[in-house]
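Below is one structure, written out as C-alpha cells; comments come after it.
Should a chain be cited, it is by its letter among A, B, C, D and E, assigned in written order, with residues numbered from 1 in that chain.
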Amino acid sequence: MTNEVIKELVSGPLPSATFDESGEWLTIQIDAAQWKQLATLLYNAPYHFDYLFCLTCVDWKTHFTTVYHLTSTCHRQAIVVKAKVDRNDPQIETVSDIWKTADFHEREVFDLFGVRFINHSDLRRLILTEDFEGYPLRKDFEDPVNMIKL
Amino acid sequence: MFIKEYISEIAKATKSLWTGMKLTGHYFVRPKTVITQQYPDNRDTLKMADRFRGEVTMPHDENNQHACTGCTACELACPNATIKVITKFELTPENKKKKALDTFVYHLDMCTLCGLCVDACPSGAIQMGQNFEHSVYDRSTLTKKLNKPGSKIREGVE
Amino acid sequence: MYSLHAITNSVQNWLNARLSSTWVLIIESLIVIVLAIALFAALGLILVWLERKVAAHMQIRLGPNRLGPAGIFQTSADTLKLILKEGLTPDGADKFLFNFAPFVVMIVAMLLLAPIAFANGFQIWNINIGVLYISAISSLSVIGILIAGWASNNKYSLLGAMRSGAQIVSYELSAGLSILTIVVLTGSLQMTDIVQAQQNGWWIFKGHIPVIIAFIIFIIAATAETNRAPFDLAEAESELTAGFHTEYSGMKFALFFLAEYINIFIVCAIGATLFLGGWMPFHMGNWTQFNHVMDFIPSSIWFFGKTFFLIFLIMWFRWTFPRLRVDQLLNLEWKYLLPVSLFNLLLVTLIAIMNWHF
Amino acid sequence: MYTETQIVNNSDDELVVNVGPQHPATHGVLHLVITLQGETIKKVEPHLGYIHRSIEKMCESLTYRQFIYATSRMDYLSAHINNHACALTVEKGLQIEVPQRAQYIRVIMDELTRIASHELWWGAMAMDLGAFTPFFYAFREREMITEIMEETCGARLTMNYMVPGGVMTDLHPDFQKKVKAFIQLFRSKIDEYDELVTGNIIFQNRMKGVGYLSKEDAISYGCTGAVARASGVSCDIRKLYPYDVYDKVAFDEILETEGDSFARYMIRMREMKESIKMIEQLIDNIPEGDYQAKTKAVLKLPKGDFYTRVETARGELGVYIVSEGATTPYRIKFRSPGFSNLSALDQMARGGKLGDLMATMGTLDLVIPDIDR
Amino acid sequence: MGAFSLIVLTIAAIAFSAGGILAGKLFTKGSRNAQKGQPYECGIPTQTSPWHQFNVGYYLFALLFLIFDVEMVFMYPWAVVVKKVGITALFEILIFIFILFMGFLYAHKKGALKWM
C-alpha cells in the first residue's frame, strides 16, 4: 500500500485535504471539522489504521494543530494527520470511540492545551487539579511561581 | 480420574512450594552470600568508579592554579543554570586587558550531575568529582565557589 | 538435676509453710502475672528480632546489626520508639471499641498460655480438657480483629477484618480436625496426658504417614490462623496498606503486633506439644545410653527448642511464598484441607483402633 | 482535590476505595479510585499528575544537547533508552551518521538497561504479591549492571550517556570483561528466579487468567511492550523498525497469546534471556573507531517534524519534535508507553478481585514519572 | 492453679496492655487537628463511610463454618473414647462423617463455595 492509494482514498470524500510527503510519513492536513469523517474512513477496511500510537497538539500561536500518528498493525503503514483547530474556540470531535487509547490522550491534551473534544465521554482534567487555571503547554502560558526564565 | 488428579495436584503444589523453600533455605544457611555493604563502616575502603559523577570540581595544581579561562561555555551548556561564571578583566604583562575568571559559582542543589559542562569545557578546567555525600543541614551551603581564593589561571591555557 | 518443677514445688512449699492459703494464692497469682508479662515481653522482643534476622539471611542481607551484638537490642529500641509514639484515635472511629480491641486480642493471647506445659510439671492450669479449651479460646481472637477493623471507620480496616474473619473461622476447622487425630491416638484431651503418651516416641514418628499429614495441615492452618504470610490477607500491605490495624499507632499498634507474635508462639507450642512431644526429650527405642544423654537436657529446653523450630518453619514460609488471593485462600481450606483432614482422621482412627502405631 | 466528581452515583452496596497516592502497591504516586462490590472490582479510575514536571514544556527551552538529560528522569529505569530515542531523533533531523562503534555501544547499553529494568520489575511485582525475598535476589544481579554502568557512564540510574552523534565517552577498559562475567552469572541466577517465583503454585494461581486483555483491546488501547505482546500483538520496535544495529542482531520477538498476567510475566522473563543473547552477539564484535560523530557545537534542526520510536523496557517510546529551525525544539512530545498501558488497566481489572488488581498492576510495570512526565 | 488462673491471666493481660498504653500516654504530647483525625486512605480525604451495607460474600462461609464447627464439637468426646470403644466407633464416625460430607458436597454443588 503506497501513499498514493491513501491520497486517492482521502481526497475523494475530502477534497480540501492537503498532503505533505516531505517527512518520514505521509502527512494529511485537514480542518478540525473533517477529522471525524477522516478517522472513520481510515479506521475502516481495507486500510485499517487500527493503531493510534501518538496523539498530541501543537500551539502555533495563531492556531492549534492536533497531530495524530496512525499505523496499521497488519500493513505497518504509518501516516500522520494534522487537524487545524481554532485557537479561540478550540474544539474537535473525539475519536476515543474509535481508538480507546485516545481517551487518555485527549484528556491530556484537554488538560494541557485546553482543546475540547466534542462527545468525549469523560472530559476532565487528568493531570492538573480541577481548579487549576490556564493551560500550561500553550505558548502564552505564564506561571510566575514555578517558571524560571533563563 | 478425579481422585488421582486431585492427589497429583496436591503433590505438584507441594513440590513447587518445596523448591522455593529449598532456595531460601539455601541462602539462609550460607551467611557468606550476604551482599549488603556496611556503608558508613566501609567508608575508608569504598572506591567509587573513576567516572562517577558526584559533583563538579575544579582541580587546582600545587601552585594554586586552575585552567579556567572564564569562557562561560559550561554556563551555556548547563540545562539548569547551575553554574554562574563571574569574570573580570586582568592586565596581561603586555598591558592588555584579558578576560579572566573571578568567581566560579556552582549551585550543587540545582545540579543534575549530567556532565554536560565537563563535556563542553574547552580547557579541561572542570571535572566530575567522586564525592557523593552531599547531605548538609543548610541548603545555602550547597552553593559553592569552585576556584580557590587567590588562585590564578595556569600559564599557557588559552 | 534441677528442673522448673522442683523450683515451683519448693516455692509453693515455702509459701505454704509461712502464710495462710489465701495469701499463698495471692502471691502465686502475682508471680504468675509477673511471669506471664515477662514471658510476653521477652517473646515479643526475641521473636521480632528473630524474624528480622531470619528474613535478612534468606534475603542475603544481614538484618539488624547495629544495636548490641547482632542487633539484639534493636527490638527494644523499636518498642521504646512505639511507646514514644502518639496513640491516635481517629475522629470518626467508634472510640470505645477502637480502644477496646487491643485488650481483647491481648487477653485472648494471654488466656491461651494457661494449659501449655512449658516444662515437666510447669503449667499454669492442668485443665483436663486442655485441647478443647485451646480450640475454644483461640477462636475468640478473631473477635478482637473484627472489632478493630470495624471500629476504625476505615475501608482498608473493614475489608481486612472481614477477610480475617472468614479466614480464621475457616482454618479453625482443619486445625481442629488435625488436633483431633492426636486426641484419637491419645484418648485424652489433657495436655499432660498427651505429652506423657509420647514418652516412647513422638506422635509424628509413631503415627505413620497420617499423622505427618495431620501435622502439615496443622502447620498450614496455624499459619493461617495467626494471619501470617502467605495467609496475611487481613494485613495484605500491597492491597490494604495495613489491613485491620491501619488506624492503630503507638502502643495500641504494638499490642496487635505483639499479639500476632505471641499467637505464633502459642500455636507453635501447641503443635510442638501435640506432634513433637512437648517437653518430652527425644528417645530412640532401646538406646538407653542415648536416651540418658537426651534426658539430661532440661525439659524446658526441649519444649522451647521444638517450639522455636516450628516458629522458624512458619517464618520460612513467610519469606518464601507470595500471598494467596482471598478466594484461593478459602478454596484451599474448603476444597483441599478440609476433605483431606476428614479422610485423614478416619485413617488415624483406624490406626488407633487397630493399634498399628508404635 | 477530586471530591465533587466522585461521591455521587454510588449505589448502596458499592465501596469507593482510594489506592494511592500513598500506597505500597502503586510504586510511586499513582492514584487509583476503585469502586468495589465486596471484593470485586467494578471500576478503576486512575488520577495522574502527582509527579508531573512538565518535561515537555521544559524541553522547549533547552537546546538539542541539553534536553536529553531531562528524559532520563521520565522512565528512570530505562534512562539509556530514553536518551537513545532523543539522540536518534536529533540525528534524524540533522542526518548525522553515527559511527559503528557508538551504535554497538548504544545497543549493548540498551539491552543491559532492559535487563536491569526487568529485574527491578520482577522484584517489585513479587513484592506486590506479598513475596519479599525475590526483590533482594533481583537487586543482587541488578547491582552488577549498575556497577558496569557506573564505570562507563558515570551514573547508576540517570546516565545521560547518549548524545547526538554517538555516546559521551568511550567504554571503560573493563567493560567487556565485566559484562561477560555478568552474563555468565545471570544465566545461573535466572533459574533461581524460576524456582522461587515462576514455578510456585501460589504465584501461578495468582497470575493465570488474571487481568485478561484481548488482542483487539490491546491494539485499541495502544498498548505496547510486554503488555501488548502478551496479547499476541507483534509490536517490538526493535524488530519492526530496527534502529542502530538491531538489524544485525539475531533475536526473536517474544510473543504470547494468553493475554493474562502470567503471559505478561513470561514475556518479560523471556525477554531478559533474549537480551542476554543479543549482548553476547555484540559484546565481542564492537568495532574500533570513533565513539562520537563530529557535530557542530550548536545544533539546529531543520524546520519540520521528526518522530522516532524506540522500544524501552516498558514498550514503545515515541519522541516527536516539531522544529522551527531554532536551537531549541518548538514543541516536543514524548509518547510514553506507560501512559497507554495504564489506560487499559480499567479494562483488565474489572470483574477481578482486589488482589487481582495488584497482580495486574504489577505486570503492567508502571513507572509513574514515565506516565506523568 | 485451676480455673482461678483465668482471672489471673486476664488481669495480667489487662495490666500489660493498659500499662503499655498508659506509658505511651505519659511520654507523648498529643496534638490534634482535622487532618490527623481523618481515617487513612492513602492521603485522600475519604468519601463514603465504610459503615454501610455492602456485599462481602463471606457470610456463606460463616454459615458453613457454623455447621462444621458444631459437628466438630461432637467429635471431641468421641475422640477421647475411640480407643476404648474399638471398631464400633470407627463405623459410627464413618456414618457421621459421611452425612457431614454429603452436606458438604451438597453445599459445593449448590455453589456455596464459589466466590460470587
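Assume a residue touches a chain if its C-beta (ideal position, glycine included) is under 8 Å from a C-beta of that chain, and two chains touch if they have at least 3 such contacts.
Keep in mind it's a predicted model, so treat the numbers as computed, not measured.
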Using the touch definition from the top, how many steps at minimum link chain C to chain D? 1
Hey, what chains does chain A share as contacts with chain C? D
Measuring between Cα centroids, which chain is at the maximum distance from chain B? E
Could you quickly compare B-D and B-C and let me know which has more C-beta contacts? B-D
Distance-wise, how many Å sit between the C-alpha centres of chain A and chain E, to the nearest whole number? 57
Chain C to chain E: how many Å between their CA centres? 15
Per the C-alpha means, the centres of chain A and chain D lie apart by a whole-Å value of 25
Can you work out the whole-Å distance between the CA centroids of chain D and chain E? 45
At least two partner chains per residue is the criterion; list those residues in chain B. 17, 20, 23-24, 35
Per-residue multi-chain contacts in chain C, two or more chains: 58-61, 155-156, 159, 241, 319-321, 326-327
Which parts of chain D, given as residue numbers and ranges, touch two or more other chains? 1-2, 15, 17, 23, 36, 39, 133, 136, 140, 196-197, 200, 202, 353
Chain pairs that touch, by label, are A-D, B-C, B-D, C-D, C-E, D-E
Could you pull out which chain D residues touch chain C in their complex? 15, 17, 23-25, 36, 39, 126-133, 135-137, 140, 196-197, 200, 202-203, 205-206, 353-358
For the complex, give me every residue of chain D touching chain E. 1-3, 6-7, 10, 12-23, 31, 36-40, 353
Contact footprint of chain C on chain B as seen in their complex: 10, 17, 20-21, 23-25, 27-28, 31, 33-36, 38
Give the list of chain D residues in touch with chain A in this complex. 1-2, 4-5, 47-49, 52, 54, 56-57, 61, 92, 217, 219-224, 233-235, 240, 304-307, 309, 316, 318, 320, 322, 330-331, 333, 335, 339-340, 342-344, 347, 372
Applying the document's contact rule, which stretches of chain E touch chain D when the two form their complex? 41-48, 50, 52-57, 115-116
